[in-house]
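What follows is a set of structures for review.
Each of the next two complexes has subunit A plus one more chain, namely subunit B in the first and subunit C in the second.
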Partner chain A sequence: MSNTKYIVGSFADPDEMMHGIDKLQANNISIYDCYTPMPIHGIEAKLGVKPSRLPIAAFCFGCLGFLLGFSLLFYTMSYDWPMNIGGKPSMPLPNFVPVTFEVTILLCALGMVATFFYRNHLFPGRAPRVMDLRATDDRFILAVDARENTDHALIDSLLKEAGAVEVKYNERKYVSYE
Partner chain B sequence: MSSHNESILREPLMTGKDITYAQITDDILLPVENKPNKAWWIGFIVAVCGAMLWVISVGYTFWTGIGAWGLNKTVGWAWDITDFVWWVGIGHAGTLISAVLLIFRQNWRNSINRSAEAMTIFAVICAATYVVAHMGRPWLAYWIFPLPNQFGSLWVNFNSPLVWDAFAISTYFTVSLVFWYCGLLPDIASVRDRASGLRKRIYSIFSFGWNGSVKTWQRFEIISLILAGISTPLVLSVHTIVSMDFATSVIPGWHTTIFPPYFVAGAIFSGFAMVQTLLLILRKVMNFEHYITMFHIEAMNKIIMVTGSIVGVAYLTELFIAWYSGSEYEMYAFANRVAGPYAWAYWAMMTCNVISPQLFWFKKIRTSIPISWVLSIIVNIGMWFERFVIIVTSLHRDYLPSSWAMFYPTWVDVGIFVGSIGLFFTLFLLFLRFLPGIAIAEVKLLLKSSSLQHKTKLIQEGAFPDDQVEFFKNSLRKYDSVTEEEINALRKK
Partner chain C sequence: MGTHNHHHDYNFSEQYTFAGTAKIVSLVAIVLGVAAIGYGLYTGDTMRTFANLLLMGYYFACVCAAGAFFIALQMVTQSGWSAGLIRIPQAMASILPIASVVLLIIAAGGIYTHTLYHHWTDPTLFDPNHANYDKLVAGKEAFLNIPGFFIRQILFMGCYSIFAFILAKLSYKEDLEGGLSSYKQSFKLSAIFLVIFGFTTPIWSFDTIMSLEAHWFSTMFGWYNFAAMWVSGISVVTVILILLKKGGYMAWVNENHLHDLGKLMFGFSIFWTYVWFAQFMLIWYSNIPEETVYFYKRWEPEYKPWFWLSIIINFLAPLLLLVDRDAKRKQNMMLFVAILLLCGHWLDYYIMIMPGTVETDRGFGLIEIGTAIGFAGLFTFLVMNKISKHPLAPKHHPFLDESLNHQI
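And now, the complex of A and B:
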């Protein structure tokens, strides 16, 4: 068995890459992942990637923000040290709206983005795991696990038929600095 | 699919011949990957001089106290809050472009959102300095936040719009920064994968290890959409709260219910004017004419016209309501604005904000780059005067005629204002030098749907009826980046 870990089809056009996915899937060849310089709409459905659950996380963080914001106002204004300010009630609900709203938005945004970074393992200084350096420029990369799919000649020909400008046999998973 | 066929009646969002994905990357990264040209250096040096003036003026204010400003006991707020509201208002266009236009699926935002969002962040930084400086004791600025303390657990007064403002502005700044930075990740990764050596290392750190896999892009699009969804009410709330700093007081001329919508419209108005001022220069100096096209310029001019009209209606409504209220103080406040000692400022505001944007009804003016640029500056001047008129003319003649006064700025007032413009441009020029000024990934999405190149191909294949092609051809005449030859090529082969 060769040392090839991944077969990487490099396309110049997103539609041709989508075509390549269809061809591989028609031949029961599973696709590892695709790396593209821009979002490709409809690719998740093709690859069977489940919808993201980030909106749920965003909603939960928003609710948490609402609770924290309101608790802060209630604790400071009504519970800990109720003050008579111009004869206004010590729990003026309409006046609580702006700050509660801002804290809700803040926690929703920060919580959701933190979840996004956590789930995608994005953080400052992380070594980029890239299979082809042009995947962030002008190439649409389709990667196939060479150990699981052993008929390499077929994969090669299918990729080229679909319009791949280049097919690489990567012996290391990532070409970038691991 | 990346290529969907949109109606030919829609004008192209990207022009130029033989554009490829690689060329988009090259074009946009040109200023980032090369040494800056002379124009950049000249602009940068001038801006840094301005920023130095800002440092000196703010430093002097901190050292001597706000007595350094031209304030007196009648006019306790003047240039500081005028400039603060002016900068916050300018910031709003960036969020509007990146959030509201995303929700409405206006693809023309793709080429201008990055620089507009950067503008937002820098404008809010400029605005924040006034908040801190006008407190008088800036080292105690944290007192605005409800921190546990040793003063008998004295909390801030959450009934006060000034406290709401602190929360609103800091939330707005944080969320805008997060939104902008998330959008930057794929583009920083583009720079990283093309660079070498130390540059590669630095951009690698800031790219957070972005790799553009299917799942990353899927989640990226989701968070962009949700951030847009929450930024939209946020941006409206911010300027609403800024207007409440005035509207909840009992000063005639401030105490009006129309303020929140009127301020929000004014903010969008001045913000788009600033975006226009910046982008018209940017597209020329950086050769972005194929990405920021005449369509973008015209669309922004239309928004300036609409919001300018809303602002105009608000001015007239204020006058009407002052009369209709029957309150003599209210009526006097407005009579004083129109015909008092600050009438020149009022009429400068009226001319710049109400009359000049109406010129955009003419297509010739809307699509003329020099006139658009001059008008965008005029609008910015007008919007500065609007805040000055609201703040100073409402204060300078208060209830006791014996305490009537005028406001005269000192060199420190002028220095902080001019300096903040210098600071803004310093930050903006540094941004253009080190980060992609156009969202590369998002512009790539347009190549196979909304570009002239794609539409030309479809027309040549005979995909559209002749009358629609004729309409499309006519809409291209205004583009400065489309040649006659390219228009003539638009027929069936």
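And now, the complex of A and C:
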């Protein structure tokens, strides 16, 4: 028992898992995380998950894209080799809008995907690690940190009362698909 | 509790009572509008008054048509989120027949008693032997002629009105009879309506607004007008919804639905800018005199501030104010932005209409403000009266439950 790092409750039904969250929270047992094969409405609010910071990354990448796009145009069209196209000024700002806009969107989108992958450890060639293999299939997983919450018998009984099909005592945090 | 929250404690049969302040204010607004129009006609600024009438008549018809488009779109995309608030666009769609008649009367009055569409309604323009002969406009005679104009106006607006009326009626029938037959019929009719609407609204705006300056043309104009129509339609739905909620109605509509309306407002304001800019940039870049004349007029000192103000209100304001997730979920913020956008699109139409119609004595004053207030009052009176006639929720709508549990 002492080597247990996480207690993992496995539910077959999302409503029962939500019920399990209520029961654990009513007993002041903190929930480490929750893994479900499909999105469940209202679960973030229930678990108190903070809003994602991805939009901040998106804004930064967007600004970078704006600067890159604009400087590319400025350097090629106005600074290095100014050209007279249709009698327009050598820095025709309206013309710069579409390209700058596109580069902003491109970097913003690619940057968001890269940030998401980086944050979730989804590198190419990396086998994904999860706390329970069936969390991506047909089970709803509730994980409790076993070192922070020491009353393991209570956790076990609360999970089973809520309808957990299986309660595991994991000595390692993750299992790998490898 | 759990993934499905069944809130059966709502009273879906609740009905809005149109009385008190709302009724008085809308009636006073109509009186003010009539007074302003009367003042305009009496003091001799008749052309300016007619241009304002056309502006507000078109705006009024566009917002009602946007209501019809909204219900048809939700039906065809099988959207569940909007089921709880669908009665508002339905009421807007139901008064489209009245709005169409008003716009037709204004157009007819403008053509037969004044020279509202003087760029193409004067028959001497088409006579090669006359001094007024205009080769460019004469080449467009097959399209730009008075019978053709009225046939298209009646055909298009009549068609939208019939579809809007039937779609609203089917939903009211569903309240009484239940079952899926209303829904299935609405789905088919909506699909047909959207095809017709999509192909004809650009032509409708070519006729009603673009032909005011018949020498000029832009193929982007139809979509530009559609974007303005859609943004203002969504804004009106938002304003009515928030005011009803503030009055204690529609408890089943919450910040999640508001968030979706906010996303539509935000997204289509960007779309409006996109189309506006596409039209502007191509004309600026190619620099062909018959195209640049449009923007040349709008860059005269008297219009230039309005020109920039329109971009600030219709693009920068929603971009900065609604980009945040929380902003779209706050009633007061959404109400503020929706009203701002409604003023912004009034200005948008003002810039489209005024330079081509009012040659002298133009400006911004009592006639503009009064006409806008009058039509706002007429719209409020008709729509709120319509809303009060039926329950505020379509209680047998197949997606109502999805709307109640909507969460984003």
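In this section, the second predicted complex is superposed on the first by the 172 of 178 C-alpha atoms of A that agree within 3 Å, B and C clash if a C-alpha of one lies under 4 Å from a C-alpha of the other, contacts with A are read in each partner's own complex, and residues count from 1 in each chain.
Here is the rule we use: contacts are C-beta pairs under 8 Å (C-beta built on N, C-alpha and C of every residue); 3 or more make two chains touch, one makes a residue touch a chain.
In this text the structure is predicted, and so the values were computed from the model without any measurement.
**Student:** State whether A:99 touches subunit B only (first), subunit C only (second), both chains, or neither.
**Tutor:** first
**Student:** Using the touch definition from the top, say if A:19 reaches subunit B (first), subunit C (second), both or neither.
**Tutor:** A:19: touches subunit C, not subunit B.
**Student:** Name the contact category of A:42: first (subunit B only), second (subunit C only), both, or neither.
**Tutor:** Both partners, subunit B and subunit C.
**Student:** By the touch definition at the top of the document, which applies to A:151: first (subunit B), second (subunit C), both, or neither?
**Tutor:** Neither partner.
**Student:** Have a look at where A:161 lands relative to subunit B and subunit C in the superposition and call it first, second, both or neither.
**Tutor:** neither
**Student:** Could you say whether A:171 touches subunit B, subunit C, both of them, or neither, answering first, second, both or neither?
**Tutor:** neither
**Student:** With both complexes superposed on chain A, which partner does A:88 reach: first (subunit B), second (subunit C), both or neither?
**Tutor:** In the superposition, A:88 contacts both subunit B and subunit C.
**Student:** With the touch criterion stated at the top, can you tell me which subunit A residues are shared between the subunit B interface and the subunit C interface?
**Tutor:** After superposing on chain A, subunit A residues 14-15, 18, 40-42, 51, 86, 88, 92, 95, 98 contact both subunit B and subunit C.
**Student:** Considering only the defined contacts, which subunit A positions touch subunit B in the complex?
**Tutor:** Residues 12, 14-15, 18, 33-44, 47, 49, 51-52, 54-55, 58, 62, 72-73, 76-77, 80-81, 83, 85-86, 88, 92, 95-96, 98-99, 101-103, 105-106, 108-110, 112-113, 116-117, 119-130, 133-138, 176-177 of subunit A touch subunit B in their complex.
**Student:** Going by the contact rule set out above, which residues of subunit A touch subunit C in the complex?
**Tutor:** Of all residues in subunit A, those touching subunit C are 14-15, 18-19, 22, 40-42, 51, 86-88, 92, 94-95, 97-98.
**Student:** Along subunit C, where are the residues that touch subunit A in the complex?
**Tutor:** Those in contact with subunit A are residues 1-5, 277, 280-281, 284-287, 325, 405, 407.
**Student:** Inside the complex, what are the residues of subunit B that reach subunit A?
**Tutor:** 1-3, 20-22, 25, 146, 152-159, 161, 163-164, 167-168, 171, 174-175, 178-179, 182, 185-186, 189-190, 192-194, 204-223, 226-227, 230, 233-234, 237, 241, 244, 440-442, 444-445, 448
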